[in-house]
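First chain A sits with chain B, and in the next complex the same chain sits with chain C.
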Partner chain A sequence: MLKRIGTTVLQEAIRSGGLLLVVTFGMFALLSLAPGDPVSMYVNVQSLSPEEVEAVRHELGLDRSFPVRYGAWLSRIAQGDFGTSLRSGRPVAQDLWETGWRTLLLTGSAMVLTLLFSSVTAYLSATERHPRWASALTAAGYGLSGVPVYWLGYVVIYVATTRFNVFPVMSGTSTSGAWMFLVPVFVLGLGNGTVSEVTRHLRGHLETVLTEDYIRTARAKGARLWRHLYKDGFVMPLSSLVASKTPYLLGGAVIVEQVFNWPGMGRLAWQAALDRDYPVLLGITLVAALVIRAGHMLKEATQVAVNPQLAS
Partner chain B sequence: MPNMPKMEVYMKRAMVAVLLAGAVVLPAFGAENRQDGFPNGGRLVYGEYGRPATLDPITSNDMVGLRVTELLFNGLVSFSPKNEVVADLAESWEVSPDNRVYTFKLRRDILWHGSSGAAGRRVTADDFVGTLDLIQNPRTLTPLKAPYELVADTRRVSEDTVSITLKRPIVNGLGRLSFKVVPTFALQNPDFFARDDPFSQKPVGTGPYRLREVTPEGDVVMDANQSYHRGRPHIDEVVLKPFADRNVLTQSLLFNSTDMIVQLNARDIAQVEGDKRFNLYPYNALSYTFFGHNLQNPHLRKKEVRQAIAYAVNRQEMLDSFYESRGTVISGPFAPGSWAYNLDVKPLSFDPVRAKELLARAGYTRSGADGYLMTEDGSPLQFTLKVPIEKENETIKRVVLAFQNYLKQVGVKVDLEFREWQAWQEDVFVNHDFDLMIAEWAFDDSADISTLFHSKETGAWRNNFIAYSNPEVDGLIIEAKTTLDREKQRTINQKLHALLAEDQPYTFLWTVTNYAAIHKKVRHVDIQPFKFFTFVDGWYIPTKEQAGSPE
Partner chain C sequence: MSTYVEVRSDPTLWERIRSRKKGKSIAAAYGVLVAAFVTLAYLLSLAGWLPADPDAMDLGAMNQLPSASHLLGTDFVGRDLLSRAMVGTQAFFLPGLLSVGVSLLFGTLFGVLAGFWPERFATPVGLFLQLMESLPKLVLVLLVIALFRPDIYLILLVVGVTNIPATAELLRAKIATLKRKSYIEAALALGVHPARVIGKHILWLHGRGVLLVQATVGMGEAILIETSLSYLGFGVQEPTPSWGNMVALGKDYFFRGELWVSTAPAIPILLTVLGFYLLGDALREPIAERRAS
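Coming up: the complex of A and B.
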């Protein structure tokens, strides 16, 4: 089995390499096409002559052609050098590391919450126990999915500040309010727009599995349903859901981090986009793409592990 | 030397003794408690919208970063609350008769912040020479390049004397030489400065506060400089907390996560004002908001149309509704706090009837079925107003919607186009692809509007993007720039004000008063309107209120 997983992982790695190349190239192209450039971060362009502005561009290496710049960036990345931020001069790798794990924490926890909520709702709906709870949760899921995540964030802050007299926003030394971390997790986990879809998907899958013969046998035997159900009914769909919903969570994280002042990669990305800070943006693109690909690879590996017949 | 008289030898010894004593005494003098009797201690946490890019005064180009540099650095001269030039690191100066050479005698008790090998090291003339050379080096990317282009030469006259020679004499030269000094010996490269030099994130200065650390969350923590030349500041620690959302920033103040906001959001002013825990401190920047008319548009080229637009818009009503009347409607191209503003010229009144008359006189007499006036070719009289989106300024959105409505009442159609900041800049400054635009100009004390209205200042990235051309205005602008007589400058500027108020190349709107909100526990607060933290060393927190600071 390990060999099977190993082969799958290798195949995925090669595919991922190609994809990352395409994604970073696409991002680079987008940045080049976008109006504006980082020059105005450094100097007041209006007070300089066109020659002086060109000199600034030259100093920043912006006057080189697009393929040259992309090639230079690529060769540096190959050596592990992510470059320095155009805005702050700090090494991009350091920024990515410091903000990356925070975003990972936020989106990871939010993902757990989404799956938890959806799993419970799906299970209750599919097994038709507690039908009223099932309906209520399903309705709540639909409602939450339709709500924009920043609106939900503001509402939660409003309720927290007016009803509970608590300010749930990250502002510095976090030890005093570690539990406050749960608030943005709550907002992102339930507000990222995928809850109802995940519930539907899981429920559909569960319903299918529940009609399988081996489940009926288990029921007839009086065995506990869950032991027989979880592999096909949960692990399989969950693993593909995690892989496919990660992008939505990363996108939602950008907004939630702004609202809750969470010092993560999303907030960094927004600032970098405004400044056309392309080393930072490309670094983030790379990391995000890697994370998503890793999710896919994990899913493939899990599914092969659960159902060895899938390794073909 | 042989045969030195005994007197001299004794004197020499005595001199040495005094010098030694002086060397010990002088720094201690700086570190003494100030004589004002206020207590030391406490912590001030202030919130800002946005994060500083860099913390050094050479590359800083954003307001948040610039304010931090005021806490960490000093220059030769500084400014009083009334914007008069006062001594800072220089104790005295002389100006040559031709107004070109400024010789500064430095104080001898200025020490660099004690860290990274600069501990206890005195600031000398070399540091000032080094800083100006750094600024002028073509490889240094700094917004200071343009303002300091007029420095021809900087040289060390002695350890404590530096002389700066300007290329040409200018009015208020002293005020222009207020750059902050950096320890070039502590830089990776002493000749030119780039953002990836660690100094930009770990700066060393001479200011009332020194940087302790930047936390992973982005908080900038600063400690009081015990050897500050004006006496150590009272407050022990100042922390900057950056926020990514304006509403949340205000909430942080109300929930004791911060003690101060430097620039309060317009719509939150009333709420904070009503809160007894805070004081509001108004300060006026030399800036104003305006609508610019692209004079390459054939309709806007007609003066009557521009004047009609001004009469059609009720600026006082907008100021009252959106800014709670906290500001002044202006009549011309200067900020009302500026010495150049002509108080005799009154803003145009709100007169939609007059606006319609002017439009009729300009030839727009027929109206279409949709209620808008028609041009000769039968299309409605319409303009595209390009609005920059920068960091969510929702008040501007209300202003432009109201503007659209006012103009609809007189039969002019306005299409709003919201553009991302850099894209907007390209539209306006490079492609001149706009009919109307809205923006804010910020000025320094020189009240120099030449780049805005002189006919030669057109072209990519020039400030006269409206393509205004008026020979009389051109002449006056040149005169104002070249005269060294402040009074003559004032008269010329006032004339310019009257001319431009009549010609309306812009619809001049208003100057909004900025408000800082500070917790009542902070006392003796003096704010310099353009360099906010200049007097922070005198602020204090009473001992009883020092504990219980926000985390």
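Coming up: the complex of A and C.
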């Protein structure tokens, strides 16, 4: 069992490694396609003679071939050196480290909320036990996935400030209290636009599982349905959904963090795009890809643990 | 008198399908209606048939609620919100169609290649799919924005490119099951040209549903991304109206209690995106009720 999981994780790690290599290559190709001479970022080209510019170019390694430059850049990335921010001059890795955990906290909690809402809705509509609740929640899910997440943020902030006299706009810093943190989580978790999609997927999966013979047998002998249902009906689809919806939550975090002034990676991405601070954005993209691949690895491991037949 | 015992049984398969169908047709009708309304608003705004000049300021009538003279009210400099919302469709209409067109065209191409000749093409298409799934679209778009400062057409073109592998994969899976069907085999054995089998038997008779769903959902997503980027200040720039930048402009007034200026453009976003999602879900084929064992 453990060996099977280990093998799967290893396979997934190798695949992710390969994919991340392709991602970095694509990023580097994009970088080289971008307009503007990189030399002009380091020195004032106009004040130097052509020979001096050439010397700087050589110094920076810009006169070498594309694969050589890519190799050098990749080896620096691999050592955790993402360069320095064009705006603040600080190492990008440091910025990522300081903001990353806040975004991870936000998106992780929001993901739990999304899955919780969708699971309840899907379970109620698949089992047809409480049809009214099921329809109401399904309708709410559809409504929520169409609501622009920033407007939902405004409404929540407005209600919080006027009705409850609190000011949820600020900081993932600890001084602001626990439920300040819950407000952006609530907005991102329900307003990220994937709730209806996740519910639909889960409900379809549950309906299929509920027609299985072993479920009928379990019902016939009066066993607890849940015990027979949770593995195939919930653990399997939920683990795939975590993996496939992480990109959407990370994207949604860009907007939600901007609305709530949440000092995380999404807000950093927004600021960097405003300033055309591409080393920062490059670092964020790579970290996001890393997180998403980790999600896929978790999914593979979970699914093999539940159903060892899936191990190849 | 005899007593009746009400016998309740689980709904049969047929009852389930029927009950689902009514909701589905309502959802589809709503989606079509939304698409028609958006198209109408786009065409009217192109023709210039607007209730008011979208750029005409009226400082005597700022932040007004809906009234007879301004059906959707006015913004913070007194511009008519209905006219601006109608012109706002121009921000995503053609770019969105471009995005959908690109993802469908190349998605079909790669899907057919990978489905019909899996030994040669399935691996690269699968790799490309996993690659695209490893990047958050919004972050990728922000990176492209930082590097190239593109306009909204190019941005949504990038979004369309990121959707190619998903379309290709759906079509590939569809073709992989179709290829095992005897009538496809028979047609090929009888000497029907593969291009005709692909074009008629596969794409037209079986693939159009998949493609239609992808187109609908893709349009909804394009609108969502355009409005989000315009909200963040990267897409369509003020004074050109977009539903996204209209919401952003009302922000300060919203927190002061003038809720309507931000809400008026948020409503068409909600209704439109919802319409495209509902239509896509309604068009999706019902999944197999019972797993093939």
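Here is the rule we go by: the second predicted complex is superposed on the first by the 260 of 312 C-alpha atoms of A that agree within 3 Å, B and C clash if a C-alpha of one lies under 4 Å from a C-alpha of the other, contacts with A are read in each partner's own complex, and residues count from 1 in each chain.
Heads up, the rule we're going with is that a residue touches a chain if its C-beta (ideal position, glycine included) is under 8 Å from a C-beta of that chain, and two chains touch if they have at least 3 such contacts.
If you're wondering where the values come from, they're calculated on a predicted model, not measured in any experiment.
> Could you tell me if A:89 is touching chain B, chain C, both of them or neither one (first, second, both, neither)?
In the superposed model, A:89 contacts chain B only, not chain C.
> With both complexes overlaid on chain A, does A:271 touch chain B (first), chain C (second), both or neither?
first
> Considering only touches as defined above, state whether A:9 meets chain B (first), chain C (second), both or neither.
Neither: A:9 stays clear of chain B and chain C.
> Please indicate which partner A:306 is in contact with in the superposed arrangement: first for chain B, second for chain C, both, or neither.
neither
> Kindly classify A:31 by the partners it touches after superposition: chain B alone (first), chain C alone (second), both, or neither?
Only chain C is touched by A:31; chain B is not.
> After lining up the shared chain so the two structures overlap, which partner does A:105 touch, if you call chain B first and chain C second: first, second, both or neither?
neither
> So in the superposed three-chain picture, is A:56 touching just chain B, just chain C, both, or none of them (first/second/both/neither)?
First partner only.
> Quick check on the superposed pair: does A:258 touch chain B, chain C, both, or neither? Answer first, second, both or neither.
In the superposed model, A:258 contacts both chain B and chain C.
> May I ask you to decide whether A:157 touches chain B, chain C, both, or neither, giving the answer as first, second, both or neither?
A:157 contacts both chain B and chain C.
> For chain A, what residues appear in both contact lists, the one with chain B and the one with chain C?
In chain A, positions 34-35, 154, 157, 161, 258, 270, 274-276 sit in both the chain B and chain C interfaces.
> Residues of chain A touching chain B in their complex?
That would be residues 34-37, 40-48, 50, 52-53, 55-56, 59-60, 84-90, 98, 154, 157, 161, 167, 169-174, 176-177, 257-261, 263, 267, 270-271, 274-276 of chain A.
> Write out the stretch or stretches of chain A touching chain C in their complex.
It comes out as residues 15, 19-20, 22-23, 26-27, 30-31, 33-35, 128, 142-143, 145-151, 154, 157-158, 161-162, 193, 196-197, 200, 204, 207-208, 211-212, 244, 247-248, 250-252, 254-255, 258, 269-270, 272-278, 281-282, 284-285, 288-289, 292-293.
> With touch defined as at the start, can you tell me which chain C residues reach chain A in the complex?
Residues in contact with chain A: 10-11, 127, 130-131, 133-140, 142-149, 224, 227-228, 231-234, 244, 247-248, 251, 254-255, 257, 259, 262-263, 266, 269-274, 277-278, 281, 287-291.
> Of all residues in chain B, which touch chain A in the complex?
Per the stated touch rule, the residues are 47, 51, 53-54, 59, 61, 138-139, 141-143, 145-147, 194-197, 200-201, 215-219, 239, 241, 243-245, 247-248, 251-252, 254-258, 420-423, 425-426, 429, 451, 459-463, 550-551.
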